[in-house]
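Two complexes follow with chain A in common, the first pairing it with chain B and the second with chain C.
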Partner chain A sequence: MSLPTRPLTLTINGTQHGPIDVPEGMMMIDVLHEMLGLTGSRFGCGQGICHACVVIWDRDERHSETVPTCITGADFFDGKRIRTIEGIAQRDQKGEVTALSPVQQAFLDQFSFQCGYCTPGFVNAATVLIERLGRAPIARQDVEATVAAALESHICRCTGYVRYYAAVRDLILATPGLTRDSV
Partner chain B sequence: MKERRFRKLIPWAIGIAVLGFIAVGAFFSSNLLRGKTGGPVQVVNAPADIVARGKYLAEAADCAACHTAPGGAPFAGGLAMQSGFGTIYATNITPDPDNGIGRWTADDFWRALHDGVRRDGQQLYPAMPYTSYRGMTRADADAIYAYLMQLRPAKIPNRTTDLRFPFNIRLGMRGWNLLFLTDTLPAVSVGHTPAWERGRYVVDVLGHCGECHTPRGLLGQMELSQPMTGSTLGRFEAPDITPDGLAGRGWTQAALREFLGSGLVEDGSAFSDMHLVVMRSTRHLTANDLSKAATYLMGDRPPPPAALPDAPPPAEATTTAAGRVTYVALCSGCHGLNGEGIPNTVVPMQGNTTLRLVNPRNLVVSMLDGIAAQSFSYLQRMQAMPPLADKLNDAQAAQLANYLRVSFGGQKPDVTPDIVRGLR
Partner chain C sequence: MDGLRPSRRQVLRASLIGGIAVYLAPLGGRAYAALFGDGGLSRPAWNSRDSTLKYRIDGISKVTGEKVFARDIRARDMPHWPQQQGHALVLRVTKADRPYAGFDLSLLDPDLTPDRVVTAADLARDRLVFPAFYGDDMLLPEGQIPAYLGQAVAILIYKDFVRFRFAKYKLQFNNTIVRYNEPGAPLERDPWGSSRFVRVAGPDPAAEDVFSPVKQGSISPTYRNHQPVWPEPARDGEVGPQGMYFANAIAQELAEPPPDWLVLRRDYATQSGDTAALEPDNANGWYDRDREELHLVVASQSPQEIAENAASMLAASKIGLKRLFLHPCFTVGYGSKDHYNTPYYGLVAAIYGDGVPIRLANDRFEQFQTSLKRHQFDMHYAMAVDRKTGVMQTFQAEIIANGGGRANCSVDLTMAGATQAQSIYYFPKSDIAATAIASRAVDCGAARGFGAVETITATELMVDEIASELGLDPIEFRLRNVMKTGMRTTQGAIPDGISRAEAVLQRAQAHPLWTQRPARKFAYQAAHPGKYYGVGFAACHRRFGIGLEASFAKVELAPDGTISLAHTAAEIGTGTSSAQAVACGRWLGRPADLVELAVTDWPELPVETSAGSLNVDESEQNRLAANPRWTPNLATASSGSNSSYYFTHTTRAAARLVFQHGLWPAALAIWGKSSNSSAPSIDSARWSDGALTAPDMKGLDVRELAAHAHASGFVTGATVHAFNRWRWAEADFEIDGRTERLPLDGLSLRNGEGGYTVLDRRNVFYPSPRSMDAMVSTYTITAALAELTVDAATGQVALLNHHNIVECGNLLVPELVSGQIQGGAATGIGLALSEYLPLYEEGPGDGTWNFNRYVLPRGNDVAVWTQTADVLPPLSEDEPPKSMAEAAGIPITAAIVNAIAHAIEHRFRTLPVTPDKILAVLG
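Let's turn to the complex of A and B:
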């Protein structure tokens, strides 16, 4: 018995993939892991609750959001542009990491994660937040609440929330252009 | 011609109105003259079994649904109820002498439930369902009173109801009551057995189900010619719960018992306002009362549940192909490739009671808004459904809704992008 398939073409981390034949009903996380060799995204609850599996969907130049890949079928991403955890750090021509992103560095500096299973999700969510604030800065006194709102759907079973939140908060406050002085 | 005849009628109309005013003037003011403020604080020491019975009845009548604000003290009021006429705030019904019913006697309480009149003689608005509670026995009203009077008094002031003119004149409700207040609500089904009679009392009087499930007229009255045929409340439709309406969606008395008792059945789970009704009220009903409520809702001779067609007709399968692509992409991760759901976690689409509704409103709104995670008895929990409003355009949402209706609900693919746009 063979499963019916549908062709999938999409851009991941700036590189075009496909068309590849994906079995109908395959979730995106399985396509990333099994068909594209991108194993950095983590499969957690499988129900779209824990957000360990989120990737960044770049809807247009000014609008990105995270999408849980465990409950989102591959077909949803057909023709779309996404970024996975593998595309966050800077890499050289050979694909070696040359510099971590500010979010990744902040998580390391603050010892934010323990087992690290939820970290790809946190990195992606925080990256989307930082990019958004770069386009639309917020008042400094709103930073704490904004960070909480952006990360609250992400579950960390080691309960590292405080250091994750603090890392993102400190990064936002220390980065010029992400906040404005309140009036 | 028409206009002339109309003009001739005007003096008559004025005459009748004046006579009417004079005739009911005294009637109107009589309540106010009988009204009381101040007076002694009531001390009620009812036997424990009466208090326990009052608690059961207060749950069956779901008093807390409105008389408790979200996150507020139980029975201390404060819930805002939006109506087409303005906002009404539920009142404090704890025995606080200044803010609650601490000075009310059992007679005062009875008059509020039975006649819609406050202790001070002012009219209540029918947001307080005295229109349904009117059928309550005096013994049951007294038991609820005995229960409320032994609660901890909450010093929480009432908020002033904020209705537009002329609806802010409470006396006007005397006229409304003359027009619309009835002793007995029309039965939704046919029956004569004692079980049916008790079920009628549980459903129509205590549960006041018709207050949401019966459509309302221009003046906010229940349209008693069409009892329980469904009505729109906020975002969602309270569906048709007549015997034919229920059986048409596959409901049986056994399934109704299960649903009212737990909120969870094979074909779906209670959500939105009905989830609160189940959790605060109907799940506390005895197995006996649940069974009788189900008997009344479907009648002594329940119509047979309508079966779902085995597979959608081939012609319709092609019209819904685009909807299936969206379903597989956005829904099948939880609801299953073939709509089977995940037991105890995600409702199935196969035979889902919302998909079997003729009106697609609840389906489309659920898709657009999502549904928050909901807890049920015994630590059961249905997971949150994410909102899809920003992932689907109107055409995609309509295609998806039509695919679901045809494939799993036995309904027609009649959802248009305009319907979706109207519900955003």
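Let's turn to the complex of A and C:
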């Protein structure tokens, strides 16, 4: 095969991967799915529209954001640290889930999803939001608008969004340090 | 790769179809965990005090991103498959008005040349043809005009991902690859089907009809120039001519109505659409030529259908095959993965994989190009109402549904739409003609709502307009015409149970959104210049089931009290696994601990059916039913409308038998009341905090009961089969020396630790095949109020609030019902305001459609923080749960369009109502 490749080295869920020879132009979702066996970041549209495929890019200790992997080339992630849905819950050495994250637990408790295909994207977006609010709390009356802004780009086709949004809102309001009284 | 070891095969169980052993393969290991439950389903977390489920039992696997979808599975996840994973892509036509003339892959660099190209010639040589249901030309031969846009012409197989991926980059969206001869004309074909449903009532709504589909039959046409030609009318003729006599009389009366009648004629149109199931269609298969085995991972709402058709297809081919292993997974489809053709393309790709597992997985462009679509409907309605009383007199409708290039379920869906078009209203006279046409549009299927969302939306828009013409409040007008218990449908059938449509309307009428509608409109518009405010209402009745419902269920109790459930139902995201687990609790005190769904082989209960057995007449049915192992239908596909009621029936029937003949005698024995005349009645038994009690008896834990039942040889397992043709088949079974009549047509029981014993039925009472003429007998009633604004400058509609009212019997899992209401509403909002696909050359068949053009509602479009719902309490604790997943999505569509009419005083009759259409009206 004569397709040009580039080495890719990155940290996924705390584990370093690579260098992997990745053909130039390959999208990150293909690397996750076909090379690394991490299929939890769901392919939905291939256009960066539905956001089922987003992963968390930890830029530094204080800045994280979601990135759609279906339209982002693998080479973008070279040298970066990301979290995928497989790394959100706590797991033991066998990879078995030992504790869900607060966001995952909230989605579970509120029956937020049905088919669950969009769930990883919502988990990652909500996780980034919760972490951000932990660093920069917001007024309680702004919670709903903040949640709506954070989740607006995600498509859910089964449950009509209500239980995702409500789960994140309630989690924020119940978690000390994420909100402040209005001024 | 060592293949399946013989020892492992021995624990698998097969059904033999066409000489091929078909296995639902519990493979074990990682694939088993991913596919069949160990990793996918956790034990239900159960609040014993209030009998509620803490979370859905597939919840942890889904929220942690486990491999639960067929799309997640690769060869490496299947322990006995070769590790190498190949991939396939399908070349498809984007023109359907000219002959296909081959394809040209010369633009591919040599490195990207496919390892194998499969064409119609290969399939012809190997006698691989679609199952009859899917039509001709699985791959289109050169020289033929495509039947529809997006029809497949070749499968390109790559034995690795990278070359596949980059070849696809080159080929996709390139219109020079597939070649055509000179333009001609699209194929013209007769409609997929037509029927006409005429009813003339007797002197009152419950009296015997003069003429109706149930009494005499529906009317079938012949075809001339691809148009239906109805029989010549004759008062004393056969069903067709006689029905047309009454149809003509209805038409004449509408043309020359009594002076007090208002006759309104309107045309409505709903759009073609995509179900937008987020998991795109896919399959992954491995053909082991040496062992003559085919292994297929599929996403399907109807695994039984695949098992039967795939085996039959392969049995008729020249491909050597002894065994077919089918692995259905959790999926989501909203109808688009029910009887769809992707599994068969996946099967063919695997056959030509040269020993390498081949994965066929649509991207979203391909999904739009190929997945089963929502039918586009044109509806020409006429309705007559007595102006003095506001009472409806006549409903006449011509309904045309565009079924696209393959028949699929178009006829059934169109007729389902036609026979529900009356919505919740009673008409003394009706004439509803419906035709499912063939066209070059992408195939259509059982999209959410199954025809009812289209026809009922049109009715609800018309009802609002008539109310306006009469100067009546729209809900008051509806109340004057609502179907009440005992009234007949447009089929002449009397629906089962007590109608609660009136109660639903009354709830809506009393809601503040409705009672304050004038004041709110005034206040909002005064406070928001440039905004129009409106509140709209609509209702619906949605049938659930298809009239041919069938399922198996097995409930077993282990000596340690573990409850396990197996069922033919598939999990399609609606929560079937959780709901069916919970359904066991009614009899066994808590939900099933272990749930296995999509089970296709039932060695415990060897029920059989026969080709065409669903279409036999009554005498032939009686002849076939003499075989105590025969049933008209083995299992129906899972949909949003058949789980709660129909699938729960078999689950509960099996659980009840285990209780009645296992746990209860065990309890009596432990209480020392087995042969005691003072023994408590079984009717007095109750589960409380996980213990079985009866008056003056101590509570018994299910583990103690289970251990005793096993030790005593009582019933510890029941496998049942049931069939429903708008009524349950019943049969007599001898259990413990006594004959019981049960709503089942197949039963086997396990006693203690023993094996299963089939209890052949003694008498069976199948509903007459004529009862299919009723088309509908089980309904869920829903209604919606929508509050919105229209921006005068942009034409944008903003939904401020909506309130949904649902009656659906006893709830199995209230949170799932709530989620279904909210999700259904979102679907209806999309249909009302944004979702749209052109049918033909500019539509999805060209392979360029995606979510950038097909606009789905987002969280901020659905009144996410304000919407509310009101579920009517059940009539009694014994009222069965009613399926409502599809019903919840129907009324909101018309409610929104009616609200727009309230806002801007213009009635739209074509969906979706987009900002450009609104601006065109507002000027």
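Criterion: the second predicted complex is superposed on the first by the 181 of 183 C-alpha atoms of A that agree within 3 Å, B and C clash if a C-alpha of one lies under 4 Å from a C-alpha of the other, contacts with A are read in each partner's own complex, and residues count from 1 in each chain.
Heads up, the rule we're going with is that a residue touches a chain if its C-beta (ideal position, glycine included) is under 8 Å from a C-beta of that chain, and two chains touch if they have at least 3 such contacts.
Keep in mind the model is a prediction, meaning the values are calculated, not measured.
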Worksheet item: Thinking of the overlay built on chain A, is A:C115 touched by chain B (first), by chain C (second), by both, or by neither?
Response: second
Item to complete: For A:G25, decide between first (touching chain B), second (touching chain C), both and neither.
Response: both
Discussion item. After the superposition on A, what does A:I85 contact: first (chain B), second (chain C), both or neither?
Written reply: second
Practice prompt. Examine A:T72 and indicate which partner it touches, taking first as chain B and second as chain C; both and neither are also allowed.
Written response: first
Worksheet item: Just chain B (first), just chain C (second), both, or neither: which does A:Q47 touch?
Response: both
Practice prompt. Have a look and say if chain B or chain C is in touch with more residues of chain A.
Written response: C
Practice prompt. Under the contact definition given at the top, report the residues of chain A touching chain B in one complex and chain C in the other.
Written response: 25, 47, 49
Worksheet item: Which chain A residues qualify as touching chain C in the complex?
Response: 1-3, 23, 25-26, 30, 33-34, 37, 39-47, 49-50, 52, 84-86, 88-89, 97, 100, 104, 107-120, 123, 144, 148, 151-165
Worksheet item: Touching chain A in the complex: which residues of chain C?
Response: 54-56, 58-69, 71-72, 74, 76-77, 85, 109, 111, 161-163, 165-166, 169, 275-280, 330-332, 334, 363-365, 572-575, 813, 815-816, 818-827, 850-852, 856, 858-860, 862, 864-865, 867
Discussion item. Could you list, by residue number, the parts of chain A that touch chain B in their complex?
Written reply: 6, 24-25, 27, 47-49, 70-76
Fill in: Interfacial residue positions of chain B with respect to chain A in the complex
325, 328-330, 332-334, 337, 342, 345-346, 383-384, 386, 391
